[in-house]
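See below for the structure under consideration.
So that you can tell them apart, the chains are marked A, B, C and D in the order they are listed, and the count of residues begins at 1 in each.
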């Protein structure tokens, strides 16, 4: 098991390296730079050069990359050119919001998808199946930002049940926090739920055809035990894998959803960084998100091993 | 044994939903194609009188803040959506399949390089990647196509590579090789047909994603020129007017949802029909 | 033909009331257009301690018959069960699903075809075995159930059961897994075990071990075993009586000795002729053609006629009844000729 | 056997997510000391402040927060165009108009260090503004700033500067705490002595202020806590006001005015403002280096239509000069009374562009109403064969492009504060920093110089009228309209004054009737 993790981590290194390279290169293709945006209308060559020199942007790009990479390896992603705030601190400030948003979305997706997918498989070809499959396709087809807008219109503007934007910290006002999170989590989670419903249904159908399930019935298991215990955990294995893949969607989707709901998370941070041509911050965000994606996938694989004992020992 | 009996005598399901999706898509495609003929108004024509006109006999789907006819804008918007989807997915399909196919077929360090690149692109969430590319290139239609194309290239590369790897050692390929067929001929005649199924499915599904991504980027203001009637832009313009003029945000959203829904239906149908693995599962 | 049951075979009528008696069992499966009869006119009975074989090619309805006995078909839209299944003076077809559940595993156990897939891969085997006594409230605590499970693992010959109970199925070999499946069947102390081809997935030496085990356990617990198999060798060696099934119908039924010595139905004869007999050098004769698929079973007449060398006009029209002596019955228009 | 622990995994994840809050050095007691809806005024702003350094800030959001943290020598009076004492309790001007002497208040203290504000600090701040600040150019005629006594500041000029006092009253002409600047800059810190002190600033969430203990009782604001919440989405802002999540909106979009007015419990106040918008034409680049092409645009634009479509008819069309009617220097003349396509076409033909030309119109995507206006202009100019491509950019890059004169045509706005020099001098003088059109006319330059040095209001009025006429005629900018300034607040917010400029100084006198 430890070898397995170690191997996975080793394999992640070139990918991480690649991400940093892409982030670095891409960000430097963006027209305009931090100095130009900071100075705006008051930009002059001299002052621009001065600021670039302060930020080390006057060095050749490979040198910049080398310096940045060596610092990044020691956990220092540099300082935002725009606010002077360390990137790691900006990330740390914003992370809880995105984390809460993404995990609420996943929670919502699981709560919705697992029973629906299971019901669909058990009642294959009948109305619960059709319902679940319709949700499964429709959920994938609704643009999440549109859904967000509609939710705001309905629940925030018309009914007044939830605020239409902004963020309240969990510890400052748990109820308020929940109220600010529920709509974005739904808007973001629906597509994940759709994918999971389909996966759950397919894997459940697969499991339902397995001999051990007939065996369990022959043992005298009732439906609850049959589906809830014997089938469920087996069916979960592909669902977990797919969930891992969905993390990428969640991280990307949170950019849009955070923008729609005005949630100050990593996604909004990325948009701000683009807006301000904040090189250091933007590459920090991309590298961070890429790393998070890899780590989450690793976690999912470990979870996978936990659900599926064969891998655990293999 | 019950299972082996279960679907005996059941004719191969013709996927009515996929057919319906295809019909609606063709209809949408025709509407987009003939938008200049069908559209009741010039989609850019301003009108002080029609400002925020609700849906009615003059403007079936209402008008926006600048008095532009929403139906006409939606029809022209479909052109943008389809244009971006077709070109970007075409780009992704071409480059991705080529890169993945070569990587899988040749193997060695080329495979390593391609695979790592694919991993890297996969690790950056698609919207974020597209955003960064759009920011780097600037908001034009061609750049939009390129950005979305790049984002969806790795998936095709991965599929093509996997399929080619599977096929590389298949008996009939070995046979072709042993009778001295050139690699190009083998790729074209034997490998390509073998990977066509998954690629067709992925292409269809990618259309759906591409339309969503285009809408999202336009919505965030990193899409095409702001007066163009891209569905994402229409939505963005509608969002602040929701209370006064719900139709501006609702109809484009419906258009996106419908189109993507149809692509998804067709994609699912194709997957069931073309993917032998799924077919086998379905039979079981 | 070395081993025989301790009790010699007796005529049915002189015996105590049967453990199981099946009468006119008919199982139909729903297809898109109609109900297809997959099992028809199956009647037989079993005594306590008896090992009865149900023989036939794959797809002939053996497993379906077994599942009907367990009430695993007919309770959903896929199939429909008609006829009577009397088990210990209860009519199983009248029981509710809940009542059936109390019987499954506890009174009628099932040992499935494929040990490789019959164990749930994500739970330790001990827990899976313990589930049976726990579900049927044979034990008051989970610990007791675990103890029962370990005891049964020990009895089916799994070394070091306390330790191995915590292992997952993939850690066991095929033979070991079949032992586990058997111990799972036995842990409810059932009166009837339905063993559905318990050895097909195993290699020959393991096969013999497993069948020996079943045989011994029958002797120890006195349970009856309905052994479903396509292997006449297995029938000859371990069973008391046998029924031959073809296209959902029982075509011949006799004590094993009688059946082997005096096969009457042409299908049985063909079946025997296609199996190599040790010591006898003779050419093997494969049965021409193949068993009909479910939807191809003719709605009238003898289903075997297509492959039968003795087919005649009557075979086209009516299905012969299962008739004959109390011990040996056969369903063939040709039986008079034979007799 | 039934292991359902996994159900809890996401839940635990959720809780952990909440736990990882950042460790701000501010003690909790201070952060939340007895704050409640009865003593806290929550103001919604369009975007988060970019910096808290008054000398660097150029965006309205930053100014909003900063102006309540800092003192200036003078402040704007609540009547538009008047000035009142601030840190300076009195001032005198020498007869030659070149030396201003300010007497400082003695009871002002910096929040962070508790140090009294002395003349040295004023000198330091003015020098900082003159040398590197965003508004250094307005202080160009200042030759020296000295502090002969701890409470006297002398500002010496090279030429008379009529607008100096108005410039000093600008909220960003703030006096900053030198020690705070040295301690790591003011970007995220409070170096002020103003009525409110910063408690906590959480990016994109809120900036929380409380009434400064250091302020003298007479100047202490009536509301103990003041919180700014950035809500970038227009809809979210109005919703937040309706649901009472925020108390005050400083900018209400034209489309929302009507609907908000109908909501009971919400007070909407509107008056003509000083934020005006224009089409900027780059006079150094073809085709707009030709005055006729510029004039063609001015004639081809339908200001009323844009006002109607984009501003819901709530702005005031500028058909003459840029200074709005509510200002004392307003010049009542009309240069472009209505759209006149014939004239526009004729002018273009004269310039040899009868077949039209392609131009790019640069706008900032951060101001959706300007993007909308650009869309309208694109259609309007199509009628005279000017084929416009609208290009929207994020504001940072956009303003850089403007500053570099790297554009052909733009649509943007300008916020005039108090002195007419802020309308004309900064924009139309040859080589002026904000003269991104590259416009130059010696006569205008001369008029602007005159306007600066003459202190008599009536004379200045004439001078600026002349300047406006020339500028409107030569059309480096096509003036469109001046916006209404509308604020909305809950009815129990009392004493807030909706000022024509962005200033919110009246927050000091605002109180909550709860």
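Keep in mind that, in the parts below, contacts are C-beta pairs under 8 Å (C-beta built on N, C-alpha and C of every residue); 3 or more make two chains touch, one makes a residue touch a chain.
Not measured: the values here are computed from a predicted model.
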item	value
Contact-richer chain pair (by C-beta pairs counted) among A-D and A-C	A-D
Chain at the geometric heart of the assembly (C-alpha centres)	A
Centroid comparison with subunit C (C-alpha atoms), farthest chain	D
Between subunit D and subunit C, distance of the C-alpha-averaged centres to the nearest whole Å	89
Length of the line joining the C-alpha centres of subunit A and subunit D, rounded to whole Å	38
Rounded Å distance between subunit A and subunit C, as computed from the means of their C-alpha atoms	53
Separation of subunit A from subunit B, taking each centre as the mean of its C-alpha atoms, in whole Å	22
Touching two or more other chains - residues of subunit B	239, 242-243
Shared-contact residues (touching 2 or more other chains) in subunit A	31, 152, 157, 233, 260, 274, 307
Interface hub residues of subunit D, defined as touching at least two other chains	1, 233, 235
Subunit A residues touching subunit C - in the complex, by the definition given at the top	210-212, 214-222, 225, 230, 233-234, 237, 307-310, 313
Subunit D-facing residues of subunit B, complex	44-46, 48, 51, 65-67, 139, 221, 225-227, 237, 239-244
Complex contacts: residues of subunit B adjacent to subunit A	3, 116-117, 119-129, 131-133, 135-138, 208, 212, 215-216, 219-220, 232, 235, 238-239, 242-243, 246, 249-250, 252-253, 256-258, 260-261, 264-265, 268, 281, 284
Residues of subunit A defined as touching subunit B within the complex	14-15, 18-19, 21-23, 26-27, 29-31, 137-138, 140-146, 149-150, 152-153, 157, 202, 205-206, 209, 248-253, 255-256, 259-260, 267, 270-271, 274, 282, 285-286, 289-290, 293-294
Of all residues in subunit C, those that touch subunit A in their complex	67, 70, 72, 98, 101-106, 109-110, 112-114, 117-123, 131-132, 135-136, 168, 170-171, 181, 184, 188
